[in-house]
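What follows are several structures.
First chain A sits with chain B, and in the next complex the same chain sits with chain C.
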Partner chain A sequence: MQMQIDRTGGQIAMSGEFTFTDHIPFKQMVTEILAAPGKAVVIDVSKLDFIDSAGLGMLLLARDEAKKSHRELILRRPSGQVKRMFAVTKFNTLFKVEE
Partner chain B sequence: MDVSVDEHADADMRVSCWDGASDETLQAALAYPVRRCMEVDIIDGGNDRADREPAAGDRLSLLVTTRSAYRHSIVRTFVEGLSKRLPLTEDLKIRISSAAQEALMNAVLHGNLAIDGELRGSLDGLIAAQEIIEAKLNSPEIGGAVIRLDAAWTAACVEITIRDSGDGYDYSGVRPAAEDGASGRGLEILQVFSDAVTVLNGGTTVRLEFHR
Partner chain C sequence: MSPVMSTVETTVDDRVVPEGLTDARILIADDDPLCRRLVAGVLRAQKFTNIAFAEGGLSAVEQVRRFRPDLLLLDMQMPDMSGLEVCRQIRAQPDFADAPILVQTATVDRKRMGELFAAGASDFLSKPINPSELIARVVVHLDRWNSLRALRDYRERISGELEAARRMQVELLPDPITLQWAARTADLRIASYNRSSSELGGDLWGMLPINNGAFGIFLADFTGHGINAALNTFRLHALIHEYKGLHDDPGALLSMLNERLVRLLRVGQFATFMYVVVDHRAGVLKCASAGAPPAILIQGANGRARLCDSSGFPLGVERGVRYRTSRRKFPVGSLLLLFSDGLSEFPDATGGRVGDDGLKAALDACGPALTPQEVIQRLCATAGMSDSCPLPDDTTIVCLDRRAMPRSRGQSASGHGSSDRAASQPAANSSHGGR
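Showing the complex of A and B:
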């Protein structure tokens, strides 16, 4: 998984594949979420090609970490396989998902 | 790049070796007309026994080490290789990739590496798991243990079988995820994206069927 971070805009763009093996970028992602200036942090997943159950789990862990510092994670523009995985696991009930 | 194809072999026995270096060299090693690809670090033949050979149709097999199964995009590259041999709709490609990825990671983490699934439930657990995983992957016996993927297909069906070299895994004991729990969705994803899921050999083998 690759990340592009917009610190002033409080947005993180993910690309590539997000699976169990992506611990290191995930830890960096959590650090960036906790350092974001606003209370809403947008995760742009429009360029994320693939996610597995472990990737979904890590997004939930990121959400829980954000909650501890009173921040909300917003998942923006899922597509393709990622959108299908969000639908199957009813992710829109667990996150604010923007189309 | 270390890729070789035995062009003189019988059409049913075309084999190649993968050097384990990258997804690109794996893609080359899986190029048509190869039917069986084996990572060079596998020295014991990789549990060559198949549970049953397909009665008809065609097939592709890939044998990799646990280390490579963890570090490379094995499923994506394998499904790309399949798509060069049979037409896959985007829907079917998503279903096969999503389900096979879950089965492969189960085989790696719970089969060959014997990692406690509970570690995935917290950030601290994930960090602890990573250290355990790296130590096990560096062990020749565990990191070099075989993961095998087989695909067989007919006009009506695609069947993907994933085998590990572990002691087996009790899928009947797998609990569904809590609604917002960080782990436990793998089995649900297997079942939703596949038309049939069969667990064989005490949990070391998972067979996924997809209607075309």
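Showing the complex of A and C:
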């Protein structure tokens, strides 16, 4: 999984496959972006090809962290397998998802 | 004969030998009695007390066996056996394969040194002996040896405990007799596959007898794998059996399990869960799902495989979720496949994944002559999964088969025995059934 962070825009763009091995860099990114001032945090997942249950778990952690800092977490444009996973686990109702 | 220590240093090293090291067993092998005494003297001055001696090469090999030293100080030139040969022989003993051997030599010849290390020497000390150097090297090597042994002991202990835990986890799975009984009562066949990516896994499946031959089958998959996920499977197993009254009501069971797990699991942990009650008399399935991969169902002898909607919040994520029970027909001739995402998301040699649709297509290609066990083998092969390949994720497959059973007719109680389910053991299949 690759990540690009835009601190001022409060946005993380992810690409590739989001699995258990990514938990440390992902956690660092979330901490970093929540440290920067702003309202919503957007995770752009449009270029994410694959997510497993560990990846979903990390999104839940990010959502929890965001809530603690009174920020909203938005998932942007999921597609393919990621979109299907969000649908089957109803994550699309748990998170604000922007199409 | 080796040169005797020519100078006795009077400057004593200020460093104190760490306490844990002074009781180390040290063997001094030298044919020269004066040398032995001098080296022993230096060691004793640093409070090493557990010292033994060998007067030659043969006696050194013998003493290693008997005294079992933690460190050997070995003179290179001894009349009966060269230090090189002593090294080789000692290294051939499994117990002494890694223990430190410090060779004392007067000649510092690069080629000779190379041979020495190749024969298994850990380090060398040049003669005449410098006491500070002797102590420093002895301490370094004893320290290293102690750490290595401690790590090894730790590893042995942990792997023993993991093995015990693995056996306990295997015991959580349905026992063959109960499965056999359920399959025969319901006049169908059940086959299963369960393999973890490491000693312990985060998958769990089970069979819950209800009444009149009806039974429930559940398949759970906790986030992640390894010990954490495995401990959660024990929790879940206990919870499921706590709510026996709900075993006939999938939606209610899931709602209750969710309420309990939401309070038990940390944020980010959850379980996908599929529960199906099989009522063969009514020819009906009652299902509820918490974000599990879709079950694949073939309805009736002429049916085509289709994916059953399995959407729902995974267990342990949100409070107050009400899970719904859906009913599906399950007449004679039907087949139901439940699986964890370890199968559909297994990356094959090219990194491709078979996916839910790929499994559906593979199931359609399985003729009715295949036993459920063979169906599972086909699906694993389609996913690119072999019995010996390592699994990146825990994998569970359960196949319930009500199709015609030409092959099992005439066989008494068909079915292979239940087999072990460790990651290291390829055979993870079991099948039960009758007619």
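Remarks
Methods note: the second predicted complex is superposed on the first by the 98 of 99 C-alpha atoms of A that agree within 3 Å, B and C clash if a C-alpha of one lies under 4 Å from a C-alpha of the other, contacts with A are read in each partner's own complex, and residues count from 1 in each chain.
The rule is short, and it goes like this: a residue touches a chain if its C-beta (ideal position, glycine included) is under 8 Å from a C-beta of that chain, and two chains touch if they have at least 3 such contacts.
None of these values were measured; they are calculated from a predicted model.
Looking at the superposition, the partner that touches the larger set of chain A residues, chain B or chain C, turns out to be B. In the superposition on chain A, A:Thr89 contacts both chain B and chain C. Looking at the shared chain after the overlay, A:Ile5 reaches neither chain B nor chain C. In the superposition on chain A, A:Lys27 makes contact with chain B only, not with chain C.
In the superposed model, A:Val97 lies in contact with neither chain B nor chain C. In the superposition on chain A, A:Gly80 makes contact with chain B only, not with chain C. In the superposition on chain A, chain A positions 20, 50, 52-54, 56-58, 60-61, 64, 81, 88-89, 94 are in contact with chain B in one complex as well as with chain C in the other. Within the complex formed with chain B, the chain A residues making contact are 17, 19-21, 23, 26-27, 30, 50, 52-54, 56-58, 60-61, 64-65, 80-81, 84-85, 88-89, 93-94.
Of all residues in chain C, only 221, 223-224, 267-270, 272, 291-294, 310-314, 317-318, 341, 345, 353, 355, 393 touch chain A in the complex they form. Chain contact summary for the complex, chain A toward chain C: residues 20, 50, 52-54, 56-58, 60-61, 64, 81, 87-90, 94. The touching residues of chain B, counted against chain A in their complex, run 70-71, 73, 76, 90, 94, 97-98, 101-102, 105, 109, 120-123, 126-127, 130, 179-186, 188-189, 192-193.
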